[in-house]
């Protein structure tokens, strides 16, 4: 089962065939999605009507390409906005948490750690509805009491950002903590010993060391935010992120525009993912 | 040697996590529970009671869907484990260097695209007039079009596809940390492949298996898109019911009760899984 | 101002928006949705987040009673001459709550049957979907229009029973039995307009309960498929304009209403959405094809036989929901 | 041991962790420019002591003066001491030049001056022109020198080293021992070096303090510590030694007679501190102090059989089992004599009464 | 070296990795019940050789027989050999009893018999009653013994050990050396032991093979390898040695005269294999073979000054710099003579012509 232990040729062959089949299974739907982005037909399915780029650049109905669909362009912007906030917040809080859990001992630490892991085992829909219900209750109470409007507590971008942040932070915390755990505290002591101040040591030594993890978790946070559906669905207001817009479109009339968006999405996120991996392995 | 400065630093570090957990996780769930125990007795008129939970238990559709969602999720988890383990093992133990990185990256690709896109792809593939059906027909394997969409098998395919990465990654990580020499020692002491797998590899991979299973189970249980888009007329999913209560029935109270029940279910299954495998949440999830 | 419009797909075509923006200087952000989601969203935001919404007229009064999510229409800001008077009055009657009018009519249409006449020419009424000849090749939604359509087709009158919950429950029970029995015939319960169009176009489904526009769009592609007004009568709906309680751009909203009710704009909307509007002379600029298809589906008798949705009393949907759930659960 | 201006003076330093006393009333002085080692087993409190000097730990009581100035309450970044950490603690995110220049940057020294001073110090430790390399591009021994250069560039009054050779492999460690000593001589800086490896301490130090359970058992030159251990612990810890338990049978000035527990009589000529007739005592005898002889006459001669032969080139030894069954390790002469001994051969052992050390057994 | 039934015979074993030959035509026999060490520097192919014996690597060519049966093509789990891995490879998920019983379980031995046999073998390695403990609850030395017990319970014909002491600390390693040897004697099983630490090999082995670049340079007893190295590599690798480069000046039977590159004349009495006048040669001279003397007369006597004194108790040495500037390491006698030498003192060194070893320089 490992290269140094001899195995019958047949078993090896079967195993390899299975692995190949598995990767075909992985690649198949995405390939199909990409291929049909170029189908010269208003339906993203067979039969194949010929090759076209209209679903990217077309301007005439019904062949309106991605780059001319206002709703899609706008929701990409919304998604990017949300993702930027979510990953910024998640990384900042995640870094704080990492320092808290790795560097400090306090009563209730184990409990707090388990609490921190909880968002991993709460289904996204429930995170969404609980935040929706809670913030509505708060807003109602406040509005009844003050007569003012608290639109920030109503479905909208703020709640979407908070909702995504609430579980993505756990991932960021885990990734950054893992790296901080590998950090040798004597490096910071060495910096102090060489005359650096406490904050100077963290800034010059610890944070650069954490950088790969910070970048990696920012990328992961961005990707997760971009593709999140379950939590966002419950919290979205008038500005909908890309997945929600696509879902609405899919329900109302899927054209290969969706394939074209998907193709772009695949390319961008794969590029992001690969970049972050390369960055990580380069730094290790 | 806790000086005042480091006390202050400690509280500054403690503030964000407390804010996050209390404001975004704990209080909302308490709020959810409070809403779930208020019954609607007329327009803009509510009273406290467990009527919503009673409704869940008296309406077969609800608890049947609930049970169905749970069993299907467990099934999907088991299937993902069975399908993913050999792959993780292959990546961790049978490949080196560049190949390893490449295969690992390929496993991640589905994760990098939104779930909607993946599901969309499966729809194109599986439908009666879809790619696979046409392929089978042109190969002469079947006479007429075959419908592969709108059934539980399609849901399984989609669920496994969506979550396999979350099984493979922790497995690869734990299997990577298994020293080859332990496997060699197993063979050297006369073990067969099966015995070495059972007695050495799997016990070692247990934290990874459990962590992968928890994540996959949660993802399946909480999935909305895949069952909605790939499932058939009987393929109800509990998240769909929650959505229905919130959106089409305007019944937040019952929806909240459903949400709470789903939360209880997931906690229960995760807890049972951890107990059965003698792992702890911190040990499995906390190390990914 | 920015006009945040919560509407149906097709009701705000890109060209119309472009013309409106050029003329008024407002910008328009469109969110497409359906009846339930529109109300759910407005409920969640307590009537905020949008400046103009377009639910069907039967869903306004009860939602207002329950959640208070709309604000009354200021008729002085509306150019009432542009509306077909009978529809304006009918809508106003149906959407009055507490003495205030909440809705203006916009687009109207029907739902009935979309049939592939070459393969299922026998399907002429809702209950025909349960016929063995089309087993496994039919589809409908698991929503309230289906309940009502089947009820009419079974010779019952659900609208008449709206005010009497017990009678209505009796009707629902009969429909439930029918739909449960019919379940094996169904390929899938469709959910979005695209889904059913795909199913019909590809031939996977040959007869379905659906909106008239869907049938006419498919007819352009495949002459065999068309909308059929059922013998028991098509179900007529009117989508309205309402102002969410906390809209921030009421002026822009009124500007939009007055703009799209212009005959030439209304015709453009009819051409994209496929349904006719409540605008005076709105059908003048509509394409001949669409008119022909409309006439092909509706003769005068059929038009007279359209069953228009009255306002849904609060609480009735709970009964329907339970029925739908039971149908869904049946095996 | 006394110097007009010692670089480092610790008086009565004590450190408690909760109920546990890690460092117990330790006092010592280190004269300018000397190499001072603290040698002790794992957990005896060496690191704690060093970290108090560096300022990472506050003493519970006692004083600590560097160049005459008390360091109590001075934070680590303000003390004129530098430290070489056990695993060196080179900054992995910086290249070698930036590592060495780190301390100067903290002091606000100008860019170009940093550059020249870094080059200079790297030159002095024998690594010219490596500034641009990453730290994973140099060998273990070179890292060692970079770590020292990083400290020395700041011209500290005292350099502290916490087992810096622990992570190196055997051959390199042998080499670095000699090198460290000569670097210290070249910089003429006071080194305080801690280790649990007696050979490191013996080879490099001017003075060694042997530490046990938080206390100093002896301070002295390597010679003194090896040849005149002042406590049983030092005798057993520094160098290899046979320990024989017994009882004092007679006492006459410096001439002692003991009876071992196995019944053998031993004559010892030593300072009989705190010993009285009838008291239990421990005798320490180095393997190289015992001779193998062929005849059974003389003082401290006893017969036995070879129990095992440990051939190890120049360091070969045998263990001899005497009549009472107790084992004695005897170094074989480097001349190669007795190389033909085999297990079971009969031999006689002899040792000089002046070579043994004898200590009373505490509490007996 | 030849035995009627050797437990292990390798003939002409070769292993190529792509273009690189890791093991190069190695042949040897290990007689039943003996302790055979393979000693060589890192990367010389020791592990590769051992893994071929265990079955984890197929030889490119050559044969391998255990108790007379060829092992080519036999998978590792079918070979009558067991292996103690470098990091022991104890199964962390099992307790000690399960670890030791693993092999028996694979053979389908009954539960109760496994229990008794595990207890027996743990007893024999001196660890009775630890079966229930987890492996992280015992010390490094105890783990070592558990690893051996796990193999020995299967009664293998040959036990292979891949540097099992490498991970232990110095003191424990010293101790385990002796212990391993006595365990081997007690079990009377054939041990094949690989190491790069010459002292391990010298102390424990019956026979040592010195390996370099995939080839065996010498096979012999520890004595032979240390005192009569057959190649320059062996002379340099086993034990400490001064190397002096020079040229053969005269040759007369076993009596050689060489001139060192520094100009000193050396007389050597050795088997002058493959040496001729004028040829370049290397002389190896152990530090303990050199004496410090006070007068400058005699064969191989030369004067110099003390360059450094490395006091290290019984293993103290000095380096002497001669007129030509080359350094000679000289062991100080264990008797403590010359302990007063200081840097800069003038001394004379002398060595016996029979103590030096001389080898031609390849390709010179």
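For clarity, chains are labelled A, B, C, D and E in written order, and residue numbers in each chain start from 1.
FYI, a contact is a pair of C-beta atoms (placed from the backbone, for glycine too) under 8 Å apart; a residue touches a chain by one contact, two chains touch by 3 or more.
Predicted model, so just to flag it, every value in this text is computed and none were measured.
Listed here as common contacts of chain B and chain E: A. Counted as hops between touching chains, the shortest connection from chain A to chain E is 1.
Using the average of C-alpha coordinates as each chain's centre, C ends up farthest from chain E. Between chain D and chain E the centroid-to-centroid distance comes to 28 Å (mean Cα coordinates, whole Å). For this pair, chain A with chain D, the centres built from the Cα atoms lie 56 Å apart.
Centroids of chain B and chain C (each the mean of its C-alpha atoms) stand 37 Å apart. In chain C, the residues that touch at least two other chains are 191, 202. Across the assembly, chain A contributes 4-5, 45, 250, 254 as residues in contact with two or more other chains. Within chain E, the positions touching two or more other chains are listed as 55-56, 75-76. Contact annotation for chain pairs lists A-B, A-C, A-D, A-E, B-C, B-E, D-E, with touch applied as defined.
Residues 4, 6, 9, 14, 17, 29-33, 41, 44-46, 48-50, 191-195, 197-198, 201-202, 246 of chain C are the ones touching chain A in the complex.
Chain contact summary for the complex, chain B toward chain A: residues 5, 10, 12-14, 16-17, 20-21, 24-32, 34-35, 83, 86-87, 89-90, 93-94, 101, 103, 105-118, 120-122, 124-125, 127, 129-131, 134, 161, 164, 180, 183-184, 187, 193, 196-197, 201, 214-215, 218, 221-225, 229, 239, 242-243, 246, 252, 255-256, 259, 262-263, 266-267, 270, 281-282, 285-288.
Interface residues of chain E, counted against chain D in their complex, comprise 170, 177-178, 182, 197-199, 202-203, 222-223, 226-227, 238-240, 286-288, 308, 310-315, 331, 333-336, 339.
Across the complex, chain B meets chain C through its residues 43-44, 59-62, 64-65, 127-129, 145, 147, 150, 228, 232-234, 236, 246-251.
Interface of chain E with chain B (complex): residues 54-56, 75-78, 81-83, 85-87, 89, 91-94, 102-103, 105-107, 150-151, 154.
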